[in-house]
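Below is one structure, written out as structure tokens, with a few remarks after it.
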């Protein structure tokens, strides 16, 4: 079965995007990528801390076959996000950029309007823009018009593992979006990733739940299987739920006169 | 001379970016340098002079979601 | 990793039990079993309908490597269930029996007390008894004492695809049961099967959702992956959910004086 | 003679279970016969006489969940 | 509007049953009853503790206008429940008895079969029997046949404030029961009491949530209003939910050529 | 108890706002207002249809004691909303305005950014601005800074009766907002209104569920009681939910040696 | 003369708003008139002339949520 | 003499239930007495003798849900 995901100029067979944050050791990232077969992974850009000593770069742990998805974390305005995106590209990280503009420092929820403005600028500059957003149909349509390559509505706050709190709105975005929909943030269990895919999401991004598991490598494989399971269920067209019961064995009275 | 390095004023006598990186004892591999709002590729660090008042950002990629 | 499921004298590597009901064609059962790698499948016993003509037996579609799990569907009392179980065993179906005693003909919900009585009798006769039950901690403990090999609490009514309606009680059974817990009935989506496994269920039984999918073979594979994903997540010990957000990228103010 | 077959009274002159099955035109493969509450293995159908008043169930396995 | 609840020989205008457990001071019970207008309240029977000193009896705090509902808490078998019921009646507490038979000491979930046996005995002896039960349609029907005056399925474990965890099964009991249905245990918020009534429950019993509130008197009034609101909503026949939006203002394009 | 709601210059004792849409007969509005004791009600502005004949105005059915809340329904941009607001005020409807800017015609979900722009303009002009919004913490803060008198996050799409789909985000808005929070749209049952109030919402607006009930007057009273019940529960500080059970009767072994 | 009435071109010879309302047979009570983007109070309808090209909106309040 | 009082063996010399209650210093109001599995109404406590081996339960109503 050829069921590929296309984002910008690239095509992916995996529908699980992963992240590099919060791993107890960078050396887990390689095995996790292998186990999860994830083909795209996020990284962040930060000022060097000279006092930190010379540990090896995160990039050294990501095979070339995996597409880098730099995020603009730390940006509180469209301008800051644009600047980070440009630096990331010039630093050789390629065309992909995850726009993350956050002004709410308590729940780390994205600022949709600043995100939209950054998307307009960066799409014009040829970036493949993946904007992280509050699930909002109106903004989703505007991001399409602004040239985004996909929309990334959140399931629940970053790192909360609360799953698809925004289920109802995400479903409406999936049903109306002309762009691929990647559910990002808050997915804490494989069942939640599978549910997003069953709803028709094109992909999910999972970082915290994998990185903070006792066994991140096994967790990565678990999420990969769940994403595939959810996708296959979507393609296999399962029946919907019924109010009443439907016997799975014949109801003919048996051994009874 | 005085420059703005990663957001704070710093004193340096490094003539160019390559020297600055060495002076700071930073591993050049995977280092990203923004010099007066322009990103400078590694091969040009040695030929990019550091001047009074320059705004320099020394950046690298870290884990992020 | 050796992570096997033991029921009675047998050990299984698959934690997905399937059923033979409701397939549009019996010929789908073989490929479904292959795709899902299910190692145990339910069958029902009924009077021959001479008018029906000679279609091939359901048994002809089940490879020897797959364990038969005859059910006692049609039974409304413990005695009827016991009689069906004995016939099934004498007919060469082996020691396994799924006890299903239903007096509620509207929602097809099991009668826990009759189920318990049948379990006592059949366990003494050496059957490997898997009782289908309303999720009830007290009855779950009594089924253990009566010699059941596992308990099979329902997620929601048979064939309803309503998933884990009884989630809260199933979790309590899992947390207290000394027997393997197999969630049976109502599981309509892979995400629901994964959730049951994440909660610590030992296995799930899925029939309707697979058999009635547009593509039952792909659906079988999807459920198999979801069950494995949920099991791995349970073993990988994912972190729990948090009230607040937890940044997955460093929160250091960036590019800002 | 009269027997009870699958819950209803039936008339038959088959001397044994094998004959009964043939007379009814039922595929013997995977057929289960309960004769007066005892299941009879297929190799004994030919030697199990059918008598007046016998209660016989002809059963087989079907799809079920 | 005359919308009364009949249990046994008595008729009530309030559909909120309350309990006497867990109040920080017995003196709160009277004002709570007044504020909540509850007409039936549970009490328990225990051995006198001579060391306890002579505090006044719980009965002194319950006005005669309020019907006593002694429970059989402490009973682990039908026989024990029957004995407690008889003592309570002979002690002059009237015909009402709440059967509570619990063998699961971890979650305090009721034993349906022992509850059914006690109901059979006590109904024959002329008690007005209100059995506390695991939500189970089969048992609900048997309790009717055994002579119960109502069924009392639990929403969630006693004192857990977890609300209607068993929502789905309670709804089925309401839809099929020929007896009044009183949702008991676990109701922690007025909204949950209202939801039970909207579903068509005939009454609810609330103890812990009222008794442990900072202000039990105000909490009692809040639950009373919620129960009435839910009942009125049920009688007023609200419309069901829709998949799509339905404009509440005219959709005519406005001030636009 | 003096527990008043202040919006702009006015103070209200009722926390239930109602609407005039969808009533089968305008003559139901008066009795509904009386039964619900609602003190503020929405109206819409539309072009006269000369062919419609002269039915009486909606205003004739609203007593002077009830504050009018004209909405800007029909507006797709901030400018259109501003124009409607000005007309409504000049027409003598007072200072209150519910901003409703909708560009998504499928689910009728509001456009937060246009809503924010309209709020800025109208607040400067002295309106008491109540903006209807997608639940979004960032926008909620911006609406405060723009001079709104409250924020009105939606529970679910207008008229869908789907209740608090956006529960999680609404709770975060309540926990962080410096403005009164009025949950608007989608509330279909009294239990849902009560839940919003228990969460700490300052008020709710209910139109469709009341207007489309078989008995809108009784429904109005039911919602009023539920809102009060939820508010009282919030003030009475109910205890939270527990994982385990908590006995409401003493656990001392009883009548047992 | 031609005016724009509720968004469409209309022909009228009413000298003022009061006459226009009467001519259209609209109940004046609770009617709102926007005349060239200004709302005119009812007491001024009789003294507000209608001229060629005027843009007039006749509005009223209806049920809305 | 020895009796079983609320589940444990006790020593008493009270001739009747009323005396027993007084001896134990228990408030008689709202007290329930089960004497050899029969509940004794308060007016009969004085006339109900306590004998060797009696099983007596002294009970009362408490808060419960």
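Letters A, B, C, D, E, F, G and H name the chains as they come in the text, with residue numbers starting at 1 for each one.
Convention: a contact is a pair of C-beta atoms (placed from the backbone, for glycine too) under 8 Å apart; a residue touches a chain by one contact, two chains touch by 3 or more.
If you're wondering where the values come from, they're calculated on a predicted model, not measured in any experiment.
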* Structure fact -> Via touching chains, chain A connects to chain G in a minimum step count of 2
* Structure fact -> Contacting chain F as well as chain H are chains E
* Between A-B and A-D, the pair joined by more C-beta contacts -> A-B
* **Chain whose mean Cα position lies farthest from chain A** => H
* To do: Round to the nearest whole Å and give the separation of the Cα centres of chain D and chain F.
  => 72
* Could you grab the centroid distance between chain B and chain H? Build each centroid from C-alpha atoms only and quote it in angstrom. => 92
* **Centroid spacing, where centroids are CA-atom means, of chain E and chain G in whole angstrom** => 62
* Numbers and ranges of chain E residues touching at least 2 other chains -> 19, 21-22, 44-47, 71, 73, 106-107, 109, 158-159, 162, 207-208, 247-250, 255-256
* Multi-chain contacts in chain G: which residues touch at least two other chains? -> 7, 57, 62-65
* Touching pairs of chains, which are they? -> A-B, A-C, A-D, A-F, B-C, C-D, C-E, E-F, E-G, E-H, F-G, F-H
* To do: Over in the complex, which chain F residues touch chain E? Could you list them?
  => 19, 21-22, 44-47, 71, 73-76, 80, 83-84, 100, 105-109, 157-163, 188-192, 194-195, 198, 207-209, 211-216, 218-219, 221-226, 228-230, 232-233, 235-256
* Structure fact -> Contacts from chain E onto chain H in the complex sit at residues 19-23, 26, 42-48, 50, 54, 57-60, 70-71, 73, 86-87, 90-91, 93, 158-159, 185, 205, 207-208
* Given the complex with chain G, which residues does chain E contribute to the contact? -> 247-250, 255-257
* Would you pull the chain D residues touching chain C in the complex into a rising list? => 6-7, 24-27, 29-32, 34, 39, 41, 57-65
* Touching residues (chain side chain D, partner chain A) in the complex -> 7, 57, 62-65
